[in-house]
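Got a structure for you, questions after.
We just call them A, B, C and D in the order they show up, numbering each chain from 1.
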Amino acid sequence: MDRALRRRLEARFGKVLTGPVRQRHDETEIRIGAGDVPEVLLALHDEPDFRFGLLSDLAGVDTGTSMQTVYHLWSDSSGDWLRVIADGLSRDDPRVPSVTFLWKGAEWMEREAYDMFGITFEGNRDLRRIYMPPDYASFPLRKDFFLADDASRSPAGGVRHMEQTHGPTNAEAGARIRQAPAS
Amino acid sequence: MALTPEPGAASNLPAIVTERRDLVEPIVVPNTLWQSSNPVAYNGGQDSEITHLREFEASGAGRRDDARWAGPLEVIPTKADIVLDLIRANSLWPLLSGLACCAIEMMSAATSKNDMDRWGMFPFRASPRQADVLIVAGTCTTKMAGPLVRLWEQMPEPKWCVAMGDCTCSGGRYKRSYSTIQGIDRIMPVDVYVPGCPPRPEGLIYGMMKLQQLIKDRRGHWPDRAIGPTVPEDL
Amino acid sequence: MTTTRTPFDIPAHASSDDPRVTLDEQLGVFEPIPPYPPRTEREAEFYTLRDGEMFVNMGPQHPSTHGVLRVVLKIDGEKVVDLDPVLGYLHRGVEKLCENADYHQAICYMDPLEYISSLFCEWSPVMAFEKLLDVQVPRRAEYIRVLSGELNRIASHALFMGWFALDLGGLTPILWSFIERDEIVEMLAALTGQRMLFNYFRIGGVNGDLNHEFMSRLGAWMSKATAHIDSNQALLNENEIFVRRARGLGVIDTATALQMCMTGPNLRATGVPFDIRRAHPYSIYPELDFDIPSRTEGDCLARYLLRMDEVRQSLRIIDQCLHQMPDGPVMAKLPRLIRPRPGRAYAAIEGPRGQYATYAISDGTDQPYRMRIHDPSFIHLQSVGLLTPGNLIADTMAIMASLDPIMGGVDK
Amino acid sequence: MTVVGRTWDRLTIPGKILAVVIPLGAALTAGLAILIAVVGGAVVQFLADNLPLVRFVVAATIVLLMTIPSAFLIIYMEMKVIALMNLRYGPDRVGPFGSALSVVHGLKVLMKEDFTPTGADVPVFTMAPVVVYMSSVLSLLVLPFAPGLFGQDFNIGLLYFFAMGGLTVVGLLMAGWSSFNKYSLLGGLRSAAQIVSYEIPLTLSVVGVILLAGTMSLNQIVLGQAGSLFDWYLWRQPLAFVVFFIAVTAEANRTPFDLTEADSEIVAGFATEYSGMRFGFFFFAEYVNVFIASGLTVALFLGGWNAPFNWPWPVTVGLDPGGLGIGLLLLLAIGPPLAIVVLGLPFYLLNSRIRFWQALVIGFVLFNVVAVGAVLGLAFLSFDWVVGLLWFMGKTYAFVFTFVWMRGTLPRVRIDQLMGFAWKWLLPAALLNLFVTALAILVLKR
């Protein structure tokens, strides 16, 4: 656990952070608003204090109430993985600036997050579905997309793509959207 | 064993198949024994739209026996068919198409340790036009279903299909997934099922030898093929 | 003067992804152009043909796409002008399935991701779950993990060698490398009970201790492994045709590789000795003595040779593991039903292709709330679009093979 | 049920066969006798008047028929040799050591559905395999197998050979164009570029040989190399030999120049859309081409049917069976049974588990082997064409093995390397060889 990194992060991004800097095991976590993603990541990438040169992972998360995009970074100046969570995206129209200007390799990861969650990355010049076919309408990894108990016994026999045809409002009584823990 | 549909079953589905004729027709075997806890999840419980095999059956093109088995060879006495089947059984060129994990074991079956070449199954043809047997090795997803069916239809008769692995036989570990086909016998006829996740190369070779036996028993005859899962006659 | 043809000029026809395939009666042509107007800038740019160019649809069934990848090539004669990889033909929805399975079951879904290096696919989620649970893994279990993992790395690199040669037209190397791979896989089957999808790592340890058959097979193999690897490489390394085709092909420099988020051998071939085993140590790797090979050329030949160097380092690691392995249990004491406290964990390991990472979120139930799988194949395949344009069709396969993507991992 | 029907039913199966065959044979014999009596003389006269034509037709037919077994043999050889190089067994179930497998593959291909894709140019699509196959077969016509054993001895034999070999590219281009498939098109164009490029060094490299032999007739070229190993043109034209071998490998579309059907790049090249026997024609033509390439290399540079050493002793088999008189009949009657007993007796005496009749069977088999061997040996000593054929085939199959070996070992070159190699290295080398040869002849003859 790198205490110095925590102090440096708090000193540099104190105003931008929307939550406390958390540390557990070898991970450091900061939370920022969606609009601050380019500045924060650019600073982390370029400034000599941080030098987070490697984008280790980019993921979308559906917390049940809002959307998040999560960036994991690696730096040779710190022993920790840095997790940057862009929080509070609306579930109806999640939008976040793209980081392809920094890491061109983030393009496909953003496409994947778009395909699975419907998060729009502004600035990504190839934001289309990557896994599911173009005529697919649902976003499978959203929490209001329910899996069948056994797709092979369903009427369509699993031959077609499973689609989400109902919102949470008309879900049956047993169906409850899982919500992420508050942490 | 007589089973009656449960009261909650969807009414627009065809009745339980009873005749062999009916077994040829449907792609999706209607299930009346079970109902999804969330029926709307599957686009309102509609039938599959993959109907090409059904249309093919309806067109009657499959019933013409042109150049498939007899054709110009009809003049030769019937006993010649035994020889022809022997020849076909001993020269099975698989299509070089692996879908997923099982493809590695399929390749392993063809390489030095388990040498499929010994039975004349080796030249993996890259083009479906020259292949005899389609080994569907690996998970078939719904996106891959169309290309896979096209591959099958591009292969010239007589042709056979071997479903290798649990995913292709029945869905396997992806039976809940939103994007996999729960057994490729829903979209194309299958001659031999080789279960396992993945089966050992010896398993595949055993399946291919079973296929040789089937060919010698004249199983590849198109009109005799049942499309859809193998359902007991009395169901 | 160039004439352009846009997707709008093409009469509507069925998509290749549509199972109801209908060929246009009059044309009889199946162009890979999508039947809808372009939705992104890049799509519009790609699916517009200039004079003399044409599309070639490579895949999803093609001998050298390493699975069910579909690549739409825009070619001008033999020269590749541009290409558009179309993924998803093996998308099995693993992440969603993991969210609907409990923690032990989720590991079971990991194996088929990168099916020739399954142990690494298990390793990163297992480590992430252990972080969530604050479990200390017994040292013997860590040693067994490293031992079996490095064996799996050798098997994976052996197959890489074979495929790379096969895509360059060589017939024999793949059969020779499959001999090594089969031997290793049989040995791991003696240890784990399965040939390919081992499902061996458990939260808090491994499934079973080393057994006699594994050890005897390993000993027999180790005594001749170096000689086998040398003879296999002699078939390629001294082959003029092979070297001439691979050298200077698909060169990528360090800055671009970092921009493309590359890791593993593909990054190390550009001169950065970045290896998570050293850069962000995990398991018992800090205690082991091994080198991180790196090369500066960044071309296909460097990527190939680097992997062959890694095989030798893996043999060193296996040797040390066998000598230093302590006694003790191989599983931590854990309840049957696992309910970690709510939290988030990220674990990354160094696999044969680069960084395998898992980001797991727990909400206090027995099922992961979100499980993100980061796969190096997915990242590396992306740079094919960067490296290929300007080269020939035959080079496309060589570049793709040298990056060593596995479609199971790419499509999840 | 008539009398005939009842009689027919009582017959055994051999009886039924004989009952059909004997009347049929009698009728045919009678008909043939009448036919020969009526038009026989005229036909014989016509044939005698047009002997070259008859010879051509017979030779063409024999050559056409000969390609199929030799292709089967080479296919089997390739399967087995590559398998052994890959450290596996290869085919071993169908026939002894799997030797029937190539025939089985061929027959299976014959019985597959014949398929024409939508949008194909049907006449061209149908003709392409025929063109490819016939160009291979026609090349064989001038290849000298042995003294007196060749299809036709043209005085422009080599030119004819290259003309026919160049026709292959037309067939491949037809296949690539008419298939209506982009992979096929790429394969066809690749083959056009490749064969046209390699035709030039190929032809130029043999000009030195032509200068040395003073003729373009393959027969004369082979005769010019008569003598020992050191009279072969290989030693006088080493550079030409290397250039020729590389170029002929490219002409035959073999590894490492098999770009036209590179299955890891363009699925199966020009043959992508071909199925059934049409594909079989391509498949066979490839192996016939291998045979032709090897045979031509042998004929031009390795002395053709000449033995690699001067035959050290004069062979005269002064056997006159007529001299024995009635003894010949006695020998024929008594000799074989006696030989069978003599050959089988050791097995009976030395192994107590073998019964007498089994020993006799063994003796019979051994006697046949010995007799066939004796006859062949006699023929080998007596007829120079048997000797020549054996030497020619031995050398040719050594080259076929080399082709298979290269396939098992080498990766494939890239198209630009392929073309660059032809134009930058092979062509200058062939020209250099030509100038040096011409200069040497000029200087030495003066």
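Throughout what follows, a residue touches a chain if its C-beta (ideal position, glycine included) is under 8 Å from a C-beta of that chain, and two chains touch if they have at least 3 such contacts.
Computed from a predicted model, the values in this text were never measured in an experiment.
Participant: Is the number of contacting C-beta pairs greater for C-D or for A-B?
Facilitator: Ranking C-D and A-B by C-beta contacts puts A-B first.
Participant: What whole-number Å value describes the gap between the mean CA coordinates of chain A and chain D?
Facilitator: 67
Participant: Quick one: chain C and chain D, Cα centre-to-centre, how many Å?
Facilitator: Centres of chain C and chain D (C-alpha means) sit 47 Å apart.
Participant: Hey, how far is the Cα centre of chain A from the one of chain B, in Å?
Facilitator: Distance between chain centres: 40 Å.
Participant: So, what's the distance in Å between the C-alpha centres of chain C and chain A?
Facilitator: Each chain's C-alpha centroid was found; their separation is 23 Å.
Participant: List, in ascending order, every residue of chain C touching at least 2 other chains.
Facilitator: 17-19, 62-63, 88, 91, 93, 96-97, 100, 175-176, 179
Participant: Counting only residues that touch at least 2 other chains, which ones in chain D make the list?
Facilitator: Residues 86-88, 263, 267.
Participant: Give the residues of chain B touching no fewer than two other chains, as numbers and ranges.
Facilitator: Each of 49-50, 96, 111-113, 126, 143, 145, 176-180, 187 in chain B touches at least two other chains.
Participant: If two chains touch, include that pair; go through all of them.
Facilitator: Inter-chain contacts occur between A-B, A-C, B-C, B-D, C-D.
Participant: Can you tell me which positions in chain D touch chain C when the two form their complex?
Facilitator: 82, 85-88, 118-119, 180, 182-183, 186, 190, 255-256, 258-259, 262-267, 407-417
Participant: Quick check: in the complex, which residue numbers of chain B touch chain D?
Facilitator: Residue positions touching the partner: 67-68, 73, 84, 87-88, 90-91, 96, 111-113, 115, 117-120, 122-123, 125-127, 129-130, 132, 156-158.
Participant: Under the touch definition given earlier, write down the residues of chain C that touch chain D in their complex.
Facilitator: Touch list, chain C to chain D: 23, 27-29, 54-57, 62-64, 78, 165-172, 175-176, 179, 235, 239, 241-242, 244-245, 392-395, 397.
Participant: Using the touch rule from the top, collect the residues of chain A that touch chain C in their complex.
Facilitator: 24-27, 29, 53-57, 59, 61-62, 70, 72, 74, 76, 79, 81, 83, 102-109, 112, 116, 125-135, 140-141, 145, 147, 159, 178-183
Participant: Quick one: in the complex, what on chain B touches chain A?
Facilitator: Residues 10, 13, 27-31, 33-34, 36-50, 142-143, 145, 170-171, 175-183, 186-187 of chain B touch chain A in their complex.
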